[in-house]
Amino acid sequence: GVLAAGLLAAVASCSGDGTDKITFGISVPTMSPGWIALAVAEKQGYFKAEGIEVLPQFLGSSGNVLQSMTVGRTEIGTPTPEALLPAIDKGQDVQMVYQWTRGPVQSFAVLPDSEIREVDDLRGKTIGVPDLSSGVKQLADASVSQAGMDPEKDVRYLSVDVGVAAWDALNRHRVDALMIWDTEYAAMENTGAELRYMRADGIDDLFSTTFAANREWSEEHPGDIEAFGRAWTKATIWASENPEEAVKVMWELYPETKTGRDEEDLLEDHVNILKAREESVLLGDPEVSGTWGEYDPDAVRKWVDFATETELISPGLDVDEVYTNRFAAAYNAFDPDSL
Amino acid sequence: MRAFLPLYVLVGVLAAWQWLPEELGVPDFIFPKFSLVVEKFTSVETLRLLLSNSWTTLFEAFLGLVLGAASGILAGFLLAESDVLRRAFYPYLIALQSLPKVAVAPLFVIWFGFGLAPKVLIVALLCFFPLLVNTMSGVMGVDANRLDLFRSLCASRLQVWRRLLLPTSLPSIFAGLEVAVVFSLLGAIVGEFVSADSGLGVVLQQQQNNYDTAGVFAVLLILCALGVALNQSVAWLRRRVLFWQTANK
Amino acid sequence: MRAFLPLYVLVGVLAAWQWLPEELGVPDFIFPKFSLVVEKFTSVETLRLLLSNSWTTLFEAFLGLVLGAASGILAGFLLAESDVLRRAFYPYLIALQSLPKVAVAPLFVIWFGFGLAPKVLIVALLCFFPLLVNTMSGVMGVDANRLDLFRSLCASRLQVWRRLLLPTSLPSIFAGLEVAVVFSLLGAIVGEFVSADSGLGVVLQQQQNNYDTAGVFAVLLILCALGVALNQSVAWLRRRVLFWQTANK
Amino acid sequence: MTSRVGIKDLEITFTRSGEQPTTALSGLDLDIEAGTFLSIVGPSGCGKTTLLRAVAGLLELTGGSVTIDGDQVAGPRRETCVMFQSPTLLPWLNVLDNCLLPKKLRGRVQPVAEERATELLVRAGLKGFEKKYPYELSGGMQQRVALCRALGTDPSLLLLDEPFGALDAMTREQMNLDLHEMWARQSPTTVLITHSISEAVFLSQRVVVMSPRPGRVLEIIDVPLPDKREAPVMAEEAFARTCAHIRSYFTKGERNVDG
Amino acid sequence: MTSRVGIKDLEITFTRSGEQPTTALSGLDLDIEAGTFLSIVGPSGCGKTTLLRAVAGLLELTGGSVTIDGDQVAGPRRETCVMFQSPTLLPWLNVLDNCLLPKKLRGRVQPVAEERATELLVRAGLKGFEKKYPYELSGGMQQRVALCRALGTDPSLLLLDEPFGALDAMTREQMNLDLHEMWARQSPTTVLITHSISEAVFLSQRVVVMSPRPGRVLEIIDVPLPDKREAPVMAEEAFARTCAHIRSYFTKGERNVDG
């Protein structure tokens, strides 16, 4: 009884009081080079310089992040749109506030010698996805539909997890193609795997993981959001310019990520993964255009339309309500050369 | 009055489930109230979906339970029988148990493919241990006089096993079974989480993903009901089989 | 000869682990041979990492075990004591157990925060049931004559509990503990898989990320070792406490 | 420190669903005056133990009533002490702790209680076995421990179910004398079940002879001997006569044990 | 169908680590000729049960040797049958199945074996209880079931540990006669532990008197009675004289029960 009470007390005290502490809920289970900006911003003091303290929480999936946001345990979360839009549709009062991955992170992959050349060739084939329920599969469905096939009948899905299991399934021809995402493919290639990628035309604009915040909180703490976004931007830039340093920073702050091969190989591997993620993060060169974290209204509309079409959400969701660009100027308000 | 306590508790639990979330202002997609969950069971389509997937999960759980329980009981007798065997193999069996199922599930998928096998094996692995330990513990508790009786009658090891140790350890084995039968469901779900094309675990993930919390709760409710039903079947069986234990109370 | 069986088995297992993967042409990142796993333990840095994370996991497992076991034993006695209580509450406890931990772990994180609490609770939930069932089963097996003795001495319920039912059910409780102590590790890992910043579950996932299968096996090896050590501690304790059971064999 | 027991029209039937019920006792009447030493003899399986357990409040009656000092017996009572037919020692307690169990259940064990128990054990020939565990004792030794446990409680109603069944003649005689002495000193109402007719006569003021199942009282025999009993009593003619009278019940019919 | 038992310099000591060892038997010599009926009497705790268990091959000897028909006893033997001091019935078997257990362990139970067991049960006064379970029986009834179980096995060496301790005088006498009759018919070598001196003399050809612990043989008394025993034998002078002789061992010292 006493113990339980103690635990609950501990729980109560760790839920932030909201001034300068921001709990950042992340939709993957663990730290990875794809999220290296987090480590960099911390280590380089970008968060501190902005007067905020960020408490990162790896929550495993977008759903968990969103739920955590509803009960106010997480201020800023990193859902994917296919999880976020239905939540908004169901009445969760959240808003996209920072455009992070500006394009899709996932694509089909096949072995180099596969007879599958384009998405059309997938007819009658088996596609490996991390699990049958993930957003990955929804986008796979969409891609297959784009190519004029019926995802229910013309292809088969098999859940193959990620990592070794997924690679092994492809390699042993238990599946004909994989549908996973950038950083996972990079990790596979790091092990010497050779992959050939394909993407359906129609889903090019469907950006992936993005940052969202509780609307009420963001109205009360606009400064915190701006501070966070600016620090994140700085870290992203720094990491893209100093990838090796960035990886070492990650190792330092997250020592458990430094495991596996010897240090040099691992450094190369992690830089590769980081680079893979940057393809979507740096898409359209936001540095040049000064549009870090800013949403392209058309891209958002495409997403909402797509979600409506695929019955993820009911028709009539107001596009302007799901995102805001009002903090975007602040994200870009710094001197890149000062980094 | 006291006889009605179970009923009161039931009503209380359901009432709390119905009213508390609303009272506390918890949104439906975080903790849906009871009526919303019940609604899930009113659509024929949903019912059919739940039914067919429950069947898959139950089947995996059942196969794994039979496999795990049978080998657990057998191993329990073998290890209780011989000190040498116990010292030689028990540590490895414990080691096997200490492998987190969530971590080995992907390995199982690699080794055993995507079919029934990995799920059944995970269930078996989870059910094996309670029966192993409880069988051993039951055998240890055998009355020394009865053992002497059998020894004096020159009973073979198999006879001692069948006519003395088995009945003696049955109460303990049944306790193990009561635990294992519930764990078998958990194991099937873990297996389905990693790789499956049907089963309640898949439905659960899909509904989580669709933000259909009431659906998630409906599946959890089904799992609870299955767990209770399985457990109570074992308890019922125990009362039948262990008549001499309940009768003299 | 027979006394050396454990040693032979150990050597056999390790030899198979070392040579079989190569013989069968299994790639290292699917099933690394033993020497590769051992190598993991040669770097001071890795060792330090493993040690500190083992500590986290052990701590969670231990807290949860204490919480779950204590409440399981207590509930076991209460439910064994009263038929009405059992009928009123046992089904809910089973229902609670039937909730797949992998599915409720995220809910726990949301309800109880990111700290120790959700992991400890998952562990407690997992450990609760074996002890509940085994305590109840142990109490049921009490000798009717001994119960009459206590009744004839007008012993209070608490006295019957403390001086008769507790010692009587100790063998069964220890069997439950032996199971629970191993499950406590599994629970901690499940909890860490959902949300954690340290612990063997985190290391495990990182290694999976890095395709460091040898590292995964190293962590699994540690978990096995911890499981065996915990289980053997309980077994050792049992032999001490249950001296009257082992002595007359 | 003594209790009066009244048994009226007692019936006890054991039923197991789907089986023929067994009527152990039926229409049994018996009054035991306060402070009496009463023995019960009867064929094996006639319901002696059942009667004892009914008086101890350990059984639900299916008919009739049992009263102690005028109160209906509804459950075990503090002033009653039972020694069961089997020793029923707790395997996790050593001999001394087994003896002290009743005291422990009634509060803290005073050093004087421990001395008392040790003394009883020594008188029972168990010196040096205080720290041994039950499984290290012979059958007769276990029985003696159980008796010591019962005698240590100073009850006002003492119920003994074949306390000396596993003892040799001499130990038994010695224990008989000890029991008599204790009864003479504190005169608890004592009910003794025994298969030894001479023991019954030697120790009791009254002997109840029971019929085969369903058990009833055949006769209540007043023992025509002085209250103070010592070994020479057994040589008296009245002793032999009473024994013979009781024995006649057991040899009357040819084979009337059990049904 | 009979066995010769030889016991040489037998010593049995029980040790528990950290405790003082108990020497139950020391330097015990005894030869039992094939087909003899031999009884053992001695104070409670003197080592009778221990001796029986050693002969049955259930104990590891700490010294000396036990042979049956010249073979060293290394474990339980098929031709030996033991009846233990406590009934040791299996609670999950009914009375008849408990009796048939030895047969079951030796192969399929023939209908004739079942008839035989039923008959034994009837002779033991347990008619109508064949389908009851042990907890539904009185102490004495359980003991009779255990005896029926032992007698049903037709052993060539029969070891009985206080088989009649919980029986009333009359049932006991009847069972004595039954046992004697069975022995006379099949003459297995029989070792009977009893606390009843008259029972020992009535049934046996020889009576062994044991000393208090550590148990040794004090005297082996040949019973000067004809091999065929019937109730009138007890009236003979030789019977009374032998009983008195044995009893003298139990009354010699003042209080020499146990240590």
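Here are a few things to note about the model shown:
Chains here go by letter, A, B, C, D and E, matching the order in which they are written, and residues are numbered from 1 within each.
By definition in this document, contacts are C-beta pairs under 8 Å (C-beta built on N, C-alpha and C of every residue); 3 or more make two chains touch, one makes a residue touch a chain.
Chain by chain, the UniProt names read as follows: B, C = NitT/TauT family transport system permease protein; D, E = NitT/TauT family transport system ATP-binding protein.
Every value quoted in this text rests on a predicted model; they were computed, and no experiment measured them.
The chains that touch both chain B and chain D are C, E. The chains that touch both chain A and chain E are B.
Seen from the Cα centre of chain E, the chain whose own Cα centre is farthest off is A. Of all chain pairs, the one linked by the most C-beta contacts is B-C. Per-chain Cα centroids separate chain C from chain D by 50 Å. Work out the mean CA point of chain A and of chain D, and you get 82 Å between them. With centres taken as mean Cα positions, chain E sits 26 Å from chain D. One finds 16 Å separating the Cα centroids of chain B and chain C. Counting partners per residue, chain A has 61, 63, 67, 71, 163-164, 168 as the residues that reach two or more other chains. Chain contacts: chain C has residues 30, 110, 144, 193, 208, 245, 247-248 touching two or more partner chains. Touching of two or more other chains is recorded for residues 16, 86, 135 of chain D.
Annotation, chain-chain contacts: A-B, A-C, B-C, B-E, C-D, D-E (touch as defined at the top).
Listed in rising order, the residues of chain D touching chain E in the complex are 14, 16, 19, 22, 41-45, 48-50, 85-86, 125-128, 131-132, 136-141, 144, 162, 165-172, 174, 195-197, 247, 250-251, 255, 257-259. The touching residues of chain C, when paired with chain A in their complex, are 29-30, 45-46, 49, 53, 63, 66-67, 106-107, 109-117, 120, 193-198, 202-203, 205-213, 215. Within the complex formed with chain D, the chain C residues making contact are 143, 145-146, 148-156, 159, 163-164, 167, 243-245, 247-248.
The part of chain A that touches chain B in the complex is made up of residues 61, 63, 66-67, 70-71, 83, 86-87, 90-92, 131-135, 157-161, 163-165, 168-169, 174, 312.
The residues of chain B lying in touch with chain C in their complex are 2-3, 5-6, 8-9, 13, 30, 84-85, 87-89, 91-92, 94-104, 106, 110, 129-130, 133-134, 136-138, 140-141, 144, 171-172, 174-176, 178-179, 182, 185-186, 189-190, 193, 201, 204, 208, 216, 220, 223-228, 231-232, 245-246, 248-249.
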